[in-house]
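In what comes next, chain A is part of two complexes: it sits with chain B in the first one and with chain C in the second one.
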Partner chain A sequence: MTQNVLADGRARFGALVNPTSVVFLALAGVILVGWALVAVDGGQFLTMETVVGVQQRSAALGIVAVGQTLAILAGSLDLSVAYLISLASLVAAVTMAGQDSNIVLAVGAVMGVSALVGLVNGLMISKLRVHAFIATLGISLIIKGILGDLYDGPAGRVPESFQHLGYDRLGPVPVSALLWAAVALVAWFLLRRTKYGYRVYAVGGDVEVARLSGIRTDRVIIITHVLCSLCAGIAGLLLASRLGAGAPTVGTDGGYDLESIAAVVLGGAALAGGRGGVAGTVGGVLLLAVLDSVFNQLEVNSFFKDVVRGVVIVVAVAVYARRTGLIGRRRT
Partner chain B sequence: MKRALPILAVLAVLLAAIAIVNPFFLEPAGFLSFVRRAAPLVILAAGQYLVIVSGEFDLSVGSLVTVEVVVAARLIDGDEAATWPVLALLIVLGLFVGLVNGAVTTLLRVPSFITTLGMMLVLSGAVFLWTGGAPRGALSQAFRMFGRQTGWAVLTLVVVAVAAVLLMRANFGRTLIAIGDNERAAALSGVRVTRVRLIAFTLSGVSAAVAGILLGGFAGVSAQVGQGLEFQAITAVVLGGVVLGGGRGTVIAAMAGALTLEALFTLLNLYGVSGALKFTVQGVVLIAAVAAGAIRLPFLDAPKVKGDAHAVS
Partner chain C sequence: MLTMTGIGKSFFGVRVLSGVDLAVVPGEVHAIVGENGAGKSTLMKILAGVHAHDEGTIEIDGRRVSFGHPLEAQRAGVAIIYQEFNLLPERTVSENVFLGREPIRRGLVDRTAMDTATARLLAELGEDSFGPRQLVKRLSVAQQQVVEIVKALSLDARIVVMDEPTAALAEHEVELLYRLVRRLQERGIAVLYISHRLREVFDLSDHVTVIKDGRLVTTVATEDVTSEDLVRLMVGRDLNGYFPPRSTSVGETRLQVTGGGNDRLHDIDLKLNAGEIVGIAGLQGSGRSELAKALFGAEPFTRGEMTPVRPRSVREGIRAGVGLVTEDRKSEGLALRQSVRDNALLVTRAMGRGARRSGVRELLERVRLTPPREEQEVRYLSGGNQQKVVLAKWMTVAPKVLLFDEPTRGVDVGAKAAIHDLMRELAEDGVAIMMISSELPELIGMSDRIVVLREGRIAGTLPAGSSEEAVMSLAAGEVSS
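This part shows the complex of A and B:
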């Protein structure tokens, strides 16, 4: 009996300090504090406008971060997403050229280009044994050069019908947020309910052990990078529909490469791979967006936002490092 | 030294190719002005090497360079007398930032990628919060001398290079490589891992300060002066054959990697390759260099690697 209670208590304690719960607790905390601060400031925080704004703001980053989650869980990472997003937005807008009839073709082209980039990333990392950091940095330099050579500014045109994706909403939920939710659900399903998902965790935990247990690790890494790049492509489509055109700087201006990695680790995933999940990432992205929204309402200087953001990311990861140290075995 | 050979060979080929197109390059003045242009990146690469070889990253050096230049401009504001105190302050600032990076990484056990990414956000936010969004003030003539006059820049570079080589030959260097190779083994054999890593991060911060001082003189004050330098420095180090994850590679090769990168840019300019496409070439070269190194290893270098691992541990 007592033992049961003890075990029960320990399990509950474990659930509380599991990083995913921590990030949602932190999210709730930030919303409360933000609400209080904005109320003191004489404003209203939980309005329709803010709720929609938070979702709008976080959708693009959220989609990229879901893809980045897969890459990081597999013990890899993808620095090329920012330039891929720019590339995707341009491919979309240039192919559409303002014609409704070209939308399907454009979406197909974006998915094709993204999958190709992901395939190249994955092949370099798994077959050529290039460190993921270097491989994806190299690819992003290559895309950067091509974009800079071909385009000086915004190009192409997105037809009005496609812009619904960026701006419409159903009640309080924007279509872009639904798209994000769909992407997150698919990723969650892949990770939790398919063999592929278990293999991702295995490869991220220890690639050599995974290989020795019969997992074709190269294939897992390649698929993961294709999926990650597809997510970046979807984010590029979303941004193109918002801008009404493709832009060579839309990905880098948003800082989607490092920011998506930050959101993933904020959500409790281990940068070394094998630990974390989509739910945590969604929490991490929302946390960043709510922080942003609070600062906007308080009209805080945008540079101060960067400072706070940097501190929050480091502190969060430091907290997770402590927690895993307390519960699990201390890693040296 | 043997490990530095491939990159030195590539560097020699690139320098020869530049000299063929542009004979002025063979004269001391022409060559030294190339070295002056390369000096900041070479110094950054030396600092980044220390961190990478111990198995970590430093992504904050780019924004640290910007911070150094902007802080210098605001504090000096054209006042010649302020030059030397501000120079000292800049070095201390670099040292402090590196120390914080190291402390958070080692004591709080935050992966250095995240620590230095956070530091990058904090630094670039803080400095423009302080100056109100855009760089203000001006550098003094005495300050700009370091980056502008070839003699000073080359002298600074030589001092840093010699110091880095001596440091890597001393006990510190050997323990640093041992930590990158196998942290636990190093700790068990009595290395104070935390302290050695702290010093590596601190020195990386100092190298960013020195690079910032040179760049401020060379390129002037702007908000973009350090943009992307962290990735260029990492590229340079990796080009030199240093392995991400630590334990392999020499500081000479890392610095040669930086010179190679700069020589590549010079060559592309000479051949009239558009500004943007140079990134594409950089990306291809980076991947090719690392892939070539990784593929060759199992067939040719396997016994050598084993011997090395022994020597290190």
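This part shows the complex of A and C:
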């Protein structure tokens, strides 16, 4: 009996410290503190301008991070997203070449190239048994080499109509944020309601258990990497639309590879896989963006900004580690 | 319903099974016994489709079958519950039960159907301490086993293989397992039950099949044999009484705690003397492993006096001459991918006392590692041999106190006796020994004194040779008159 009472207690305690709730609590906390600090500084924090700014800044990272969430949940990860974003922006802008009539073709080409990169990543990781870190790092270098050879600066041109994607907004909500929300919803739905989603958690939780339950684990890894790369491709389209052209450094300048991983773990996912979700990642991305916005308004030195972000990420993961350590110890 | 005839199997040219026959009828519990490495697990893995057999035939309901993948065996009605559970700790009970074959409604996973089906099976088994939405990581080992059984039932299994199902259970949880096995039996399911614990074989099974060195020794009706018979058949020799004789003299005190406590333990007063084996009894969660870890410095005491020192870290513990043979040797005791030698030298190297390579061989012979091959990776050794390597690891630093946490769990009868002999030898050499065990006959047979823990406190101390009932009633906290 005592054991049951204990287990119940733990379950309740567990719900309170569920990483997803922690990250949204932290987000609320940062907004409050930021608002106070900016107010003391004599500014106004929650203006239309900042709200829109936060959403626009986070949209591209958010889309990449949703894809990264899938990869990490499946026990993998993807370091090639940054270069893939650059590649996608160039494919988009060069194919469009300023012509409205080429938009559909360009989007198709970007999706095709992204899916191909994801397929190669997935095949290397599942069939050749190369660790995800190395496999996707290798692909990054290959894409980097190709880009470096073909382009030494921005190239191609995006027609004006396509720029609406990056700059328009409906009331306080930018179109780019809607795109992010759509991607996140699709991923959430896949994870929570489809067989594929259940399989992602199983493979990330324990490959051997998944295999012995009859799951084709290789297939799950491959599909996951294709989806992750598609997300990076969409982010590339979005950035091309904002820049008006493709750029070989747009992905790496934004640091989308490591930053997307940081957002995912900030959202409470286990880097080893099997635990976490899209909601947490969305919280993680927003948290990073709000921090950024606060610092911008306070005109803080950008190096100091990086220091604080680093501290936040490490502290967050340390907090989750303590929580899960306390609860999860019963597993033998 | 199941007939296996002349089953043979080789791995890389090494013959592990030859000419094994097995016949099972519906509703029977059929025990399979044999030393570790005898081939029981291989035989069961062939039945479950994990390995393919080289020779012989398998028939289920008169139809010849051959499984190339675990899924095919599942479809034919064979479910296997492994010693290490195949569950995902971060997922719910019903998600685990239906893993890989989630019910689909209109293209989407039907959570409701999963939960109701799981709840129904839990109810049929009389399990009401947890529900289908509970996360598996919050369940006890015994409850996780129930989940495995529910999974087997949801597959409509007619043959359920249980590999060492009690290895990770506390004494009172074993009763629960017995009930579950009987429920399976009532449903006409055949249970193949692999166990080292002969008591369970006699409590549960209708027939016993003994396997030795990959060959069938015999299949008999359980009621026709005694446990001595079975041991002789398994080992090929008598292990009279099982346990080495107790010590006659108790030496000086090696370690003493007064009023020791931390967040899991309270008011611990304990003395460990040279030459003595002190047994620690208690239910799961009573603080047995925590006590060992506190004495060792891994989860230190925060209150109380301790001589020679109260270790604040593992290094301090080892420096004070304390060694801990952990409960889970695979994750806590050994570096599985390293050689026997490197493992034996782990502690000496860590403590910077220079690695005496030359002494290792001697040490391996002393712990009776067979064969004493220093280069072999530890993961290829049997459970008993692995445990001997853990012992060798500690003997390199000549400990004054050795703490054993479940030293013979998952170890076969022969290796078990060797480990018991070694423990006694060490005691006679002046080492103070503390032994935690869930297996009461072992605890009673080995200990010179039994300290019973309950809810993090010492509930009482019993003399050598106390009865199982005395230990259990103290551990469970029943008022005994």
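Basically, the second predicted complex is superposed on the first by the 316 of 332 C-alpha atoms of A that agree within 3 Å, B and C clash if a C-alpha of one lies under 4 Å from a C-alpha of the other, contacts with A are read in each partner's own complex, and residues count from 1 in each chain.
In this text, a contact is a pair of C-beta atoms (placed from the backbone, for glycine too) under 8 Å apart; a residue touches a chain by one contact, two chains touch by 3 or more.
Treat the numbers as computed from the prediction; the structure is a model and nothing was measured.
Novice: For A:L32, is the partner it touches chain B (first), chain C (second), both, or none of the two (neither)?
Specialist: A:L32: touches no partner chain.
Novice: Determine, under the contact definition given at the top, whether A:L105 touches first (chain B), second (chain C), both, or neither.
Specialist: After superposition on chain A, A:L105 lies in contact with neither partner.
Novice: Is A:L185 contacted by the first partner chain B, the second partner chain C, both or neither?
Specialist: neither
Novice: Between chain C and chain B, which one touches more residues of chain A when both complexes sit on the common chain A?
Specialist: Touching more residues of chain A than the other partner does is B.
Novice: I'd like to know which partner A:V300 touches here: chain B for first, chain C for second, both or neither.
Specialist: In the superposition, A:V300 touches no partner, neither chain B nor chain C.
Novice: Of the two partner chains, chain B (first) and chain C (second), which one does A:S140 touch, if any: first, second, both, or neither?
Specialist: After superposition on chain A, A:S140 lies in contact with chain B alone.
Novice: Of the two partner chains, chain B (first) and chain C (second), which one does A:I261 touch, if any: first, second, both, or neither?
Specialist: first
Novice: By the touch definition above, which chain A residues appear in both interfaces, chain B in one complex and chain C in the other?
Specialist: 332
Novice: Flag every residue of chain C that touches chain A in the complex, lowest number first.
Specialist: Contacts found on chain C: 50, 69-71, 74, 86-91, 95, 99-102, 104, 107-109, 129-130, 134-135, 137-141, 168, 285, 328.
Novice: For the complex, which residues does chain A have touching chain B?
Specialist: Touching chain B: residues 124, 128-131, 133-135, 137-142, 144-149, 258, 261-262, 265, 271-272, 301, 303-311, 313-314, 317-318, 321-322, 325, 332 of chain A.
Novice: Which of the residues in chain B end up touching chain A in this complex?
Specialist: Of all residues in chain B, those touching chain A are 57, 59, 104, 108-111, 113-115, 117-122, 124-126, 128-129, 133, 183-184, 187, 231, 234-235, 238, 243-245, 274-284, 286-287, 290-291, 294-295.
Novice: Which stretch or stretches of chain A touch chain C in the complex?
Specialist: Touch residues, chain A against chain C: 3-4, 7, 10-11, 14, 193-195, 197-199, 201-202, 205-206, 208-210, 212-215, 270, 274-275, 327-328, 330-332.
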